[in-house]
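One chain, chain A, links the two complexes that follow: it is found with chain B in the first and with chain C in the second.
Let's look at the complex of A and B:
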């Protein structure tokens, strides 16, 4: 049974708003609509289950942190730390996101319509069947995939008039996982810690799946989506700093 | 009360700024609301504001804002001020009691000009003269601290949350064309009134979120050029560096910013030959003015507002434009709290300055040699 609850965030602090969300879920809500959100931290923090949260506005830092199952749809830009240490579930952002997107993320999916800030996917990781996925529509700031230990990042590079869809030091310290980046990028921007390898059939199928779901979530027709080739960037080794402090 | 440098408190901060590019004045309500939106970024150990254009009736006088920890400090300072300045007007800065603002010092202001005979005697420019007087008060009179001393501007700061500080100083009674604010979460040093942001010198005011690990090198460099860094705090050093590079060395503003957040050597290597030579020279000459470590700063002056991050963006900064207004803040929500749908919202890249410089001729940076030589 579908039970929808509406909450108005205006004039409320984030503690109160988060507690109202938890109370509504405990009372059996399956979908919560949050209006007037502006800067409220930790929305969706640690929530478990298969409910849906729809956020209108600009949610605060660390939205969807420790999220463990629910789907969050955000109509607006997300700030820093979206999906911090997220474990399961999905966040769909009709806008952009700030720095340290998906920090230490260990499961679930982030779909970002526009661009993201610095250090997207920093230290995300995977274990057995848990493999987090970040799909970004436009461009990413410097240090994309920094210290990445697992998971998948897909960067589509739509609408990027300046050509460069990543910043400097992409994949710096990366030692696990994989980034699929639309091939428009200057190789100097890639960290020496990573290398480009050919796409396998299953890579191509995975990218196609992500692209088509991106189109579905954001209402874009197939011809508006990238058809060009992608780089597959993987770490050169699993210990990028093995020799950093070594004697030789 | 423990002073700066005696205690280390590990910990973020909030910064916000608004400027009207036409130089039209507006109330402090927006900046208060913007910084209050980020309440939890600070911890009540420091809040402050700077406003430009707030003293139109006395705009040609240096407005000295003073903190006094004792009647003796005031007595000594006023004797000094009367000696070196001609005071046009003075009095306590109007405040109202706020239960959350305690240990209130004496808070006075003086509208003054350098004593003509004394200024004539020394070979300093008027600004240099005022700067030296301010540094003498801060250095030599125990219990006295100059919070700001520029023309037609003022800093209002205290130990407390920014919204309480605004209430305490009756900030709603002022109107300015540029407002900046800070909510402090002190790192390394305890919260005290003088240590709250903004830090100021002459026309400059700086608010800062971050930590400058090059502080020692910057301080030694500044001391060679006659600046006394007495507060043990990195933001003070940033303020003086700006004064040195732009007011004293008359460097183009983009060059000054490129000194504080210099291009990396590998980026310089990729530049075309003439730019490569220029930036190599700049880095060689001004290496000691490089700010290392995480920061987002807002620099206010009568020219307008500039905001910038460290080169690899270790602190947050968001900017927006709407009509004649430019906004910057640590969080997008702090801008949307007062301007729900700006025409443009963006996150500047590391080391990429956001300019909110006034277009108004009378006060525009365009009339100064600073921009005439800009790169």
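Let's look at the complex of A and C:
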């Protein structure tokens, strides 16, 4: 049974708003519409289940932190720390996102329509069937995938035919997982810790799936989206510092 | 293969009259020091591999083995000591960053040993804890500025607190840095004692589920094992910013130690390095620290204390003040003698400041700012005995963390080779064969014995001062006098010189 609850964030602090969200979910809401959101921290923090949160406005930092199941749809821009240490669920952002997107993410999906800031997807993890996925429509700042230990990042590079779609030090310290980046990038921006390897059939299928879902979420026809070439960036090894030390 | 210029640091002596060739030593040594020689039909030993952990010595049924430091030294030189020369040989052979285990072993001053406790004589009676109660119960967490009563009950709930029967806790040691059996031993002891253990940054192994009522869970820069089950399991959550043995740097659990069990706990593939970056990349300021503290409080609905662990560094007092204002319910401060499973040698031996000075500076600063009640102080690195605990509390601590002392109670012999993962005592290893050597039941009893003994000693020291509750000693620096300290050091400690 679908139970929709509407909450107005206007004039409320984040603590009150989050408390009202939790109460509504405990009372059986399956979908919550949040209006007037303006910089409220921690929306969705640690929520579990399969409910849906629709956010109208600009949620604050650490939105969807520790999220464990629900789907959040944000009609606006997300700020820093979206999906911090997220475990499961999905966040769809009709706009851009700030720095440290998906830090230490362990599972679930982030779909960002536009661009993201620095240090996207750093220290993402992956274990057995849990494999977090980040799909970014336009471009990403420096240190994308830094210290990445697992998961998938797909960077579509839309609206950036000539420009650079990544910043510097992409993939530095990366020791697991994989990044698919639309091939318009200057190779000097890639960390020496990673390498470009040919796409397999399953890689191509995965990228196609991400592209078509991106189109579906953001109302774009698949024909408008790139089918062209992607780099597949993987770490050179899972032991980046194996020879760093000498025991005394 | 070129000859190594490094020579064996230890010598293994086998008394041929006592040795019965039973080969216990061969089976006990994971470093391969002892082996059976088929041709000679006897056990032989290779000095070079010996780490002086005494496992073979303790287990030899006839007492045939002793280990001594090698008498071999270089020409006498007060500047170029043996380790200085050996370390250059090692680095020129390997090109490696020097790695070591356990806490700083250099001869820096230990301020605990320059502080003396008071006792009652004539003017106020001392208390005998064998006949009168002496209260050690300690509550860790934010204390409100004031309490408001409405019709005889509290108008506002008191912020969440950790309740300790003794002001001592087992400090953060992850599964991976120590064995699961070592973690179980400490966890059981913590439950028996009414104190807390800290699972470190390694996540919680499913076999630790029975012990979660008394666990402090850590959230560090690698965010290993952090999910809602983990956060909900903790009695408190601790954000690890730094560690006394290696301030300013992160942690690398080498792939060799990431076996199937560690893999499950940390949620990374077998054999992969587990890398914790030096900073939390979502914390570049006090405001950002506040953001992480409150994200954890929000996710756990403000039901449990959230603490922050920092290393004792030069401007620790200002950092502590900022952390309290950022919302930390307790602050753990780890001094530069604190232990570790692995740290770069140069960092361990040269970075950070002694906990005694850091504690005094932090307590003084928080009191001067009028915010001391907003936070509990837990100090570590290193607390070696019950007198250190009492002195720490008199200097202003609410409780202490012990790591090294707890491991020694389980059988650690301080060989400082934890990073190798071959601990013969079954402590700093994830090898199933070696881990089995540590029985968690026996280990729990030993660790609990240690704290029970300290508990009584603390009561005796308190009683001797005429104090019947540890609360009355907290920050009471008049209970301390300094010996052999400069007036500047006494100023920082806010302690009078002996005789004053």
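Note that the second predicted complex is superposed on the first by the 238 of 248 C-alpha atoms of A that agree within 3 Å, B and C clash if a C-alpha of one lies under 4 Å from a C-alpha of the other, contacts with A are read in each partner's own complex, and residues count from 1 in each chain.
Everything below uses one rule, namely that a contact is a pair of C-beta atoms (placed from the backbone, for glycine too) under 8 Å apart; a residue touches a chain by one contact, two chains touch by 3 or more.
Remember, predicted model here, so these are calculated numbers, not experimental data.
After overlaying the two complexes on the shared chain, residue contacts for A:18 are found with chain C alone; chain B is out of touch. By the touch criterion defined above, A:176 reaches chain C but does not reach chain B.
When the shared chain is aligned, chain C comes close enough to touch A:242, but chain B does not. Residue contacts after overlaying the shared chain place A:45 against chain C, while chain B stays out of touching range.
In the superposition on chain A, A:61 contacts both chain B and chain C. When chain A is checked against chain B and against chain C, the one touching more of its residues turns out to be C. Looking at the shared chain after the overlay, A:147 reaches chain C, while chain B stays out of its contact range. By the touch criterion stated above, A:80 is placed in contact with chain B and with chain C alike. Residues 14, 41, 61, 80 of chain A touch chain B in one complex and chain C in the other. By the touch criterion given at the top, residues 83, 86-87, 90-91, 93-100, 221-224, 226-228, 231, 252, 254-255, 263, 267-269, 271-273, 275, 277, 281-282, 291-292, 294-295, 298-301, 344-345, 417, 419-420 of chain C touch chain A in their complex. By the touch criterion given at the top, residues 14-15, 18, 22, 41-42, 45-46, 48, 61-62, 65-66, 68, 80-81, 84-85, 87, 100, 103-104, 106, 119, 122-123, 125-127, 130, 146-147, 149-150, 173, 175-176, 238-248 of chain A touch chain C in their complex.
Note for the complex: chain B touches chain A at residues 37-38, 40, 270, 312-313, 316, 318, 331-334, 336-337, 345, 347, 349-350. Per the touch definition, chain A reaches chain B in the complex via residues 14, 38-39, 41, 57-58, 60-61, 77, 79-80, 98-99, 117-118, 141-143, 167, 169, 188.
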